[in-house]
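Heads up, the thing below is written out as structure tokens.
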Amino acid sequence: MLEIKKIYHYYGKAKALEEISLKIEEKALDAVIGPNGAGKSTLLRVISGLEEPDRGKIEFLGERIDKLKAHKITKKGISHCPERRRLFFDMSVADNLKMGAYPVKNKEVYKAMKNFVYELFPRLNERRKQRAGTLSGGEQQMLAIARALMSKPKLLLLDEPSLGLAPKIKKRIFDVIEKIKQEGTTTLLVEQDAVLAMDIAENIHLLEEGKIEMRGTKKELEKEPRIKQVYLGI
Amino acid sequence: MEKLAKRIIAIVIIAGLGVGGGLGAWFLFLAPGAGEYSWSSKDCPGAPSGISSDQIIKFGITGDVGEITGDGAWEGCYLAAKEINEAGGIKINDTTYYIGVTREDSDEANPNLVTSRGIAAAERLVYNKKVQFGIGGFRSEALLAYQEVFMDNEIIFINTGAATDVFCENVRSWYTRYKYFWRSMPINSSSLGEQIFNYLFRLIYVLNATYSGEIANVGIIYEDLTWTEDLVTGIEYYFGPYGPLPAYRNMLTANIPYDVTLTAADMLTHVNTLMAADCDIVIPIISAQGGLMLMQHYATLQPNFLVVGIDVQSQLDTFWTQTNGDCIYEIQMQSIHVTNKTPTTIPFWNAFRAEWGHDPLYTASGSYDALNFIVWAINETQSLQAYPTLTQKMETATKANILANPELFPSSVGGLGAYWPTTHDLVAGYPFGFTLFCQWQANATKVIMPSYNSVYIDSQLSNIGTLILPPWLITDWTT
Amino acid sequence: MIVDIMNMLFNGTLTGAVYALIAMGYSLVYGVGGIMNLSHGAYFMLTGYLLLWMLQTPFFIGLEWLTVVFALIIITVIGGLTFLLLVKPLQDSHVAVVIVTFGLAFLLEQVVLISPSGTEVWSIGQLRLFQGYTMVFGYPIVHQYVFLIVMSIVIVLLFALFINKSKLGKSIRAVSQDREAAGLMGINASRILLYTVMISALLAGLAAFLYLPGASLDGPSMGWGYLLNSFAVVILGGMGSLIGSVAGAFIVGYTISFTNVFVPYGPSWAHLVPIIIIIVILLIRPQGLFGKKELR
Amino acid sequence: MLNLKIVKEKMNEFPSYLKSWVKTFTGSLTIFCLLILFVMPFLSANQSFTHVFLRQFSLAMIFAIFAASWDLLTGISGQISFGHAIFFGISGYICAYLIKYQSFPIWISIIISTVVAVFFGLAIGFPLLRLKGPYLALGTLAMSLILLKLFLMGSLADWLFGSEGISALPGLAATPVIEYFILFIFMILTFVILIQISKSKFGTILKSIRDDEVGSDASGINTTKYKIYAFMLSSFFAGLAGGFYALYIGAVNPTGNFGTVLSFFAILMASLGGLATISGAALGAFFFIFLEYALIEIGVVEIGNLAIDFGLYKFAIFAVILIVIIRFAEHGILKPLLERLKDLWDLLLGR
């Protein structure tokens, strides 16, 4: 579905991504794990068009997207739920969702998506009229994911959904992510909390200092001593 | 091979730049006559073609090109030069000379004044075009800066736009330097104040006789700038509680100095303040857009006062269309109108209209008079020497001399052109430079108001109209 | 006394209503794109002169109302072109945007100045919808200005409705809150900005159409004064805040008219008041009355 | 604090530094331009050359100093000022007042007025520097407008000389040529000092404040202190230019010396040349003044039946040129120009 071929990206002279290749199959849930500053968020930003890669190719459904602007990519079916949520804090929950459905022209689809999202996060339904800025951290994260889902994406990019949340709420969020996967949305998850990520992801990519160091399924990676030591803390 | 070709191209370009720069510099500065303005017959309207540059008496006009004041000064000079040249020029010691006129843009009417542009204009006139006489000026602060260029070079300069007293005070206080400075048009601020008061005093007297003492309160509204200061001080004194004329019980009930950047909403506030202060006569002292706003609100609100004063914009003949007729009933002061102020006024007016297609502004009549005044002195003395010959000749144009032998002096269009020998300022007061009070009346006509035998002798002026009071004012004053 | 108070209140409302329209668009553009559009005042001025030029054209005799439509369309297009040709390519540099819009304002001023009617002051009173006045408590209330105030309030309300309820309005708000996130939603931020600049030019044009027939064209440089006072309004209310700019407009309006009426020699100080407001507010509360902290 | 040894070492190093600098492309080009400027007055004794053209060059030098002072504040240290005319005007007024009403010698007046401008820089910088970006710009703009309006007011004319200001001041020098050389020397001094400052540690700190104020603060730099230094330094040179301008004109008045248009002159000239380059300010100033001169000189051009008066349309043409330059060369014309010239030069030398 998504194919990244030898992507390079620099911030000024500082290298952020180096020769990254990645392939995501339809209906898969892939996770990218790695330490802080490894380039995980940059990878998602490059895919969703917030940054233009300096070299390399990105193909989505057989179409090149690496030169497109973010809003065009969104319309192609990639939805990016950015780091630190980036909600429209001055707008109500309902309006945030409406903005999430910006590319959706069909009213029926919009209604269906709204119902789906409210089903997924009943809490949001209760707080429909509330300003996004007044929600709690967990609710804000739910809203961010819900907003990303509203455009009925073919590929969902999730950036650090567990950041700054209490363990209990983290768990709940990850349950939802799994549920989304089961609904059939292809998902690329970026997560610092390797334990949680490896629990739900099918393929796991380890990103360190801008390079993909390792990849494989949970079982394969669990055998690696470095993963064990550094990321799983076993 | 390719490298060589590129190298050759580089050499060509650099050589081209060098030669081009050098040639440009040579043409600009070094070539014979570079930067010098070559005077020819095309600078002398009405002169025969083929005259040499030595035969031209060179006049430089400073002013804002494209603005009414600067264009006025230019148009007046141009007309005067054309008339003199068409009449055969000037004979000095059997050589025929023609009048050449040229202008430089001093950009002085620009609200964002850049003083150096005025200086540059004056310098170009003096050093580049080598003018022998200067005429123009409008904005006091700009002229104050660039008049020095003319004084430095001992060139006679006649101001036809700035009313501030300070210019001619310079002549008195530092004669050796400023003796070349003259003023031919706007009557200075102090005299303007005097004339307003004289007129108003008579007007109120006459109106009170008709409407049995209804006119008691006066208000003034003016731009808070230096040029209005002396005028206001005078009016405050005359109409204030300790004025010389308590018998007429005229009271100054409203005194509104405003910032020139005011908006229509501000002006509405002021008009309402004037109404609330129960003013019967309001004296505006305005040069900018305030006058238009005042008259707009006046037409809408129909307040119980008469507007009599200085409103520079309303001197334009286009003011009626500019205001859509809202300026009706405004009485305002202006230097010139189509009337026989002097025997030459009406011919000048007609010639000017024929030449330029619109009525002359005060800077136009002033510059026309200025040029004629200098030419008269040249003719009389058969000399082009600024000092002492011309200056001393021009200084003989005093009040007493002109009254004794009017035929010996040039005929001015803005009133008999007499000058105070000490200040080189225009002598003000009938029959010398005096102002006319005009009223805008229905159908875009502007007529001269009678002065009730105080400022000027009415019967000698043509185009005298009758004062038309706004109907609502008559109702108010009679009931 | 009551007349003085009426005078202050009415004129304050009038001034406030005009500045609300001008400042609202200005503030919106700043809020959405961080763009300081110095040609905003020139839009106001140019609309006035467009109306004047068309009124002077024989073609429009009897079709005076068409001039308004044309003028508003032209000014909106000019606003759009400003964004597309000048602002968008330079968006990353604040100083460049400021200089280029300054250059445009200066150019428009010069174009008007060299036009045949550029050097004189003009009235476009033909476009007044209402004549006359009504006395209330001994104070004459001019109908045209009542119309302006009502229309201004209506436009402000419609505009608030548009921003809060319509999809375009909501996306404008989204872009102003988080441009990047808005892009991720599929919102084309630079097209939204284009619309915003066009809307702001339209609002400036509307202000000109409502106000200038009852006022006057004070020369090509008149735009700067209105621009400056909108600065005061926007800084007072908080950059990017719509409620702020409306509230700020009325506060500035009442302060000016209070100074005009009640302070001795006030009229000559009245236009210093907005500038002093700018300084004081900047020093006390830089984010303005309704502004958010993070806007600085 | 002042380590004499280091100063001495630097002094000793200077000739060799100068030597190597002259050999660089920019160095030799600068020397070449300075040489042209130096020989300029000797090219012609023609009055229209010395009294008109040279005077325009003198004006360009005054504005170059002024624009460079703005560039130090805005380009180098990132504090956007829209009211630079504050220092320009106040210095001009003080200078004029001292000469006219206190009969001070010209040079002492210029020194005092420059010092006063620095105090103004301190007094205005202290409260305003809490503001950032466009807000500071508006704050300085508002300050300059307050001064302008106060000086304009007729009712305050007894104290502030009203809208007519102070006139009839002596010139800076007896002849335009001497005036030209005085300004030439001061311009070179200004540029040497400002460029050295921008390259020094102080300049680096200012640039770091411009690029990342929070970061600089975090790394232990007292940003407020440095910003105020930049304000004072900038106002010093703006004040110097203001004093010279008053004497160049021979008069001061509110609109002519405090006008917003002057602040914008500084901005335009510096950004035409190129922000944060300092020497771009000189290029911008000369370009600006020369363009106006050239447009007036060209005057009316007749093409067939169409007569275009460049003198009349000069400001409109100006605006168009300004817009085009900023639009297509956002960072000014200095750097692209230098690069092109250098390419050409390299080609010529076969490199």
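Letters A, B, C and D name the chains as they come in the text, with residue numbers starting at 1 for each one.
What we mean here is this: contacts are C-beta pairs under 8 Å (C-beta built on N, C-alpha and C of every residue); 3 or more make two chains touch, one makes a residue touch a chain.
Since the model is a prediction, treat every value here as computed from it, not as a measurement.
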| item | value |
| --- | --- |
| Chain labels contacting chain A and also chain C | none |
| Centre-most chain, if every chain is reduced to its averaged C-alpha atoms | C |
| Distance-maximising chain from chain D - centres being C-alpha averages | A |
| Between chain A and chain B, centroid-to-centroid distance (C-alpha), Å | 76 |
| CA centroid of chain A to CA centroid of chain D, Å | 52 |
| CA centroid of chain C to CA centroid of chain D, Å | 33 |
| CA centroid of chain B to CA centroid of chain C, Å | 36 |
| Multi-partner residues of chain B (at least 2 other chains) | 66, 111-112, 224, 257, 259 |
| For chain A, residues contacting two or more additional chains | none |
| Of all residues in chain D, the ones touching two or more other chains | 149, 153-155, 260, 312 |
| Set of all touching chain pairs, with the criterion as stated earlier | A-C, B-C, B-D, C-D |
| Contacting residues of chain D [partner chain C, same complex] | 74, 80, 127-128, 130-135, 137-139, 141-143, 145-146, 149-150, 153-155, 260, 264, 267-268, 271, 275, 312-313, 315-316, 318-320, 322-323, 326-327, 330 |
| Touch list for chain B against partner chain D, complex | 3, 6-7, 9-11, 13-14, 25, 28-30, 34-37, 65-66, 105, 111-116, 119-120, 123-124, 126-128, 140-142, 144-145, 148, 164, 166, 170, 223-229, 257, 259 |
| For the chain C and chain D complex, residues of the former touching the latter | 36, 85-86, 89-90, 93-96, 98-100, 102-104, 106-107, 110-111, 113-114, 224, 228, 231, 235, 265, 268, 271-272, 275-276, 278-279, 282-283, 286, 296 |
| Chain C-touching residues of chain A, taken from the complex the two chains share | 48-50, 69-71, 74-75, 79-80, 82, 86-91, 95, 98-100, 102-103, 147-148, 151 |
| Contact footprint of chain B on chain C as seen in their complex | 3-4, 7-8, 11, 14-15, 18, 113-114, 119-123, 125-126, 131-133, 139-140, 142, 144-145, 211, 214-216, 218-219, 221-222, 225, 253, 256-257, 260-261, 265, 267-272 |
